[in-house]
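Common to both upcoming complexes is subunit A, partnered first by subunit B, then by subunit C.
Take a look at the complex of A and B:
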């Protein structure tokens, strides 16, 4: 009972902090914070596949990038399109990509899955780079201004204001994260873990493995697309190097792995660590990749369950010692 | 020969040169995958590392031939150390961890290369004896590209002899098909793994060092070579040498003619070809095992 109350108080504090954050920090940190929040969602969607289903999506950027490009193209070509449908269409487009790829991807697992996803993400990356008339190639598409957010036709909020956009993005991403958290707690979420742990048994129990895999893939892709769509709006620029390249594929992977793939909140922790690191390291040296890479290698070598896993192991050890003595 | 034929032949030779380089890289990649089950994402990074070693060795010794021999050997040695101290410890955590650590190694190599050599393109000068042009039946062709084809064929022939005619080759072939059985027969498989990994990296290193003067040496080299070699291994079939050979040559030609006739679509064509193959055969053209 006490711990439950404590959890609620903690969440309340987090919400109050999020509400007053624009008053506390300047726009640079606000933008950095939003980057962290959006990448958290992105890394969590990757973890739906990596942690919950046990397959590594090496080309997750194809969903992220599809979401971002859809938003950019919609805003560029359709005058006066409202904000919410734009973002949701971004997610839908990424989900559609997942639907198209799912017949192929559910047939394989392990290394083959990783390679296939990488292959398709590269296909999309190269295509986006080469079809300059549509995508703007390396320069990408700039978003001059965002449409206002209209809720129920009652009021409209100017989204070009950074602070308004902050509140919108935080609420939107928090909602997505909550939905995903809920999704993992549903009976279907347990089925996914079952497929990971003992696919043969799940098969004998009469479940259709391909359907379970496909649905999870589509959910993961859709929410990655939503993350990409929000990211595009935050950056006001969608270019291949920012949302589709191999670095964008690896980043959420590092986050998920450093934080811990065994837990829902691990990728969020990882995203936080990498974003803080980026801000701190950049003051001393611009070799951020070297620092990130070293940490990643060390985590894979010594803490394969990530920092949350490491924390749990250490906690279990100390707890046991207390009991014994 | 008429000018058009000359053009076609020249492009075919270009394609052959690039295809052979790709196969040098992809053969190591596919052998390592077949034996250890690791798809070494950092494979082309080692090729790039060898190209940089070659550049520095050339600067220090002033002798292209010495640099060409030294650089891949050092790269191979780095590869052996990597296998021993980074890959082997994570082996117990499964294939995903092994795959991920190669991603980490790729990042580290890229960053270290940028740190030591900077981000500009470096030009490797080829010696006088290789820099000329040859004229055969109206076709003018750079000697260096012929040299690339020659050295690739030489090394691959040599490797094929080792693989198919020696005891070591038999062990490697056996380990590709059933590692546990080989190790049960009393063969030190971790040692064989280390050796094969080193040789695979050495092959990639040769390709990287030789490719240096063709592509110039720059930090994006690993991405370019790596992606192409990756397509070769995926399309050819995981762990299949024959598949890798056929697809490497095919991709080399596709690249050469693609750049000639549809320059914008050539890279897209390559990946579209891969998507097409995978849609029907997820394990690649000649692959059988998962």
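Take a look at the complex of A and C:
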């Protein structure tokens, strides 16, 4: 009961902080914070595959990028398209990509899954790079302005205002994260974990493994697309480097591993740490990769369950000592 | 009536014949023990029947329908259950969560994404009831991988039973157990499979003779003999092939 109350108070504080954040920090930090929030969603969708289903997606950027490019193309070519449908179509396009790839991807696991996802994402990366007439190649597509957010035909909120967009993005991503968290708590969520731990037993319990794998892949892809769509709107530029390249594939992996793949909130913690680190390190050197890489190696060596796993181990040990003495 | 029947079943691993013209019949409601020396093909026969391997030749009939080409999950859905010789649970999940997976399957809850699993009281109650029946309610929240060997085996067997199958195939349920654990396990199996059809692979002859109504002997991939326990015990061929080695008194 007491812990429940504490949890609610904690969430209340988080919401108040999020509400007043635009008053507390300047636009640069607000944008950095949104980057962290959007990448958190992206890393969580990767973790649905990595932590919950036990397969390593090395090409998750294909979903993120598909979402972002869909938004950019829609805004560029369709005049007056409303904001929300644009973002949702971004997610839908990424989900469609997952649907198309799922017959192949559900048949493999382990290294084959990692290589296959890498191959597809590189294929899409190169296609986006070379298909200049549509994608703008390396230059990408700039988003001159965002359509206003219309709610029930009553309000119209200008999304080119950074602070308005901040509120919109925070609420949207929070909603996505809540849906995904809920998803992991449903019976279907427990089946995904079952497939990870013992696929043969799941088969013998009467569950169709391919269906479970495919649906989880589609959910993960769709939400990664939504993250990409929001990211494109935040950056107002969608180009191959930034939403489709190998770095974009690798970032959420580092976030998930550093935070902890065994927990829903691990990737969010990892995303936070990497974003803060990037902001600090860039003041001293532009070799961010070196610092990130070192931390990644250290975490993999000394805390294979990530920082949340490390925290839980320490907590368990501490409590045990207390019991003994 | 035969609930399970195989006709001319062959299986080979890259040229090595493991099953050779196996014609097995399991009658509804009986408890059949499948015995035979190591490497006789008992587990392979289980794998072929339950759809894990596909027969290179021959047919499997379950409840009068041909099921030769079906997969394990399809067979489970029409009422076949199977336990493994090497304990195969969800090691990181708790005993409760392990059984709950099976209970979900039994209730045909597969793609439910609109309700929280913890809030589904019917599932929780049903799972707790099973845990109580197998005396694992004290270990409810312990990860399966950390249970004692005997308890872990009990969990293994109960997961096969929790989907409420009509035909239960147990692959060496007492493998590696101590005397006491074996005794407890046999009682458990007897209690849980009351009135059901059971096929059991077993090496422990005490278990076989106390549990089975009928015994079938598999030897080098072929059925050697089949009959009531008393008859098999006296069968000279079986003695030569198998029982003699064990010096069963």
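For this structure, a couple of remarks:
Assume the second predicted complex is superposed on the first by the 325 of 325 C-alpha atoms of A that agree within 3 Å, B and C clash if a C-alpha of one lies under 4 Å from a C-alpha of the other, contacts with A are read in each partner's own complex, and residues count from 1 in each chain.
Convention: contacts are C-beta pairs under 8 Å (C-beta built on N, C-alpha and C of every residue); 3 or more make two chains touch, one makes a residue touch a chain.
These numbers come from a predicted model, not from an experiment.
Once chain A of one complex is fitted onto chain A of the other, the partner contacts of A:197 are limited to subunit C, with no touch recorded for subunit B.
Looking at the shared chain after the overlay, A:80 reaches neither subunit B nor subunit C.
In the overlay built on the shared chain, the residue A:246 is in contact with subunit B alone; subunit C does not reach it. With both structures placed on the common chain, the touch criterion links A:205 to subunit C but leaves subunit B unconnected. With both structures placed on the common chain, the touch criterion links A:183 to subunit C but leaves subunit B unconnected.
Of the two partner chains placed around the shared chain by superposition, subunit B is the only one that A:293 touches, whereas subunit C remains out of contact. Set against each other, subunit B and subunit C differ in how many residues of subunit A they touch, and the higher count belongs to B. In the superposition on chain A, no residue of subunit A contacts both subunit B and subunit C. Against subunit C, in their complex, subunit A makes its touches with residues 182-183, 185-191, 193-194, 197-198, 200-209, 211, 215.
Subunit B makes touch with subunit A in their complex at residues 33, 37, 39, 86, 89-90, 93, 95-97, 99-101, 103-105, 107-108, 110-112, 114-115, 223, 227, 230-231, 234, 238, 264-265, 267-268, 270-272, 274-275, 278-279, 282-283, 290. Contact residues on subunit C toward subunit A in their complex (touch as defined above): 50, 52, 71-73, 76-77, 81-82, 84, 88-93, 97, 100-102, 104-105, 109-118, 120, 123, 159-160, 163. Of all residues in subunit A, only 50, 56, 104, 107-112, 114-116, 118-120, 122-123, 126-127, 129-130, 246, 250, 253, 257, 287, 289-290, 292-294, 296-297, 300-301, 304 touch subunit B in the complex they form.
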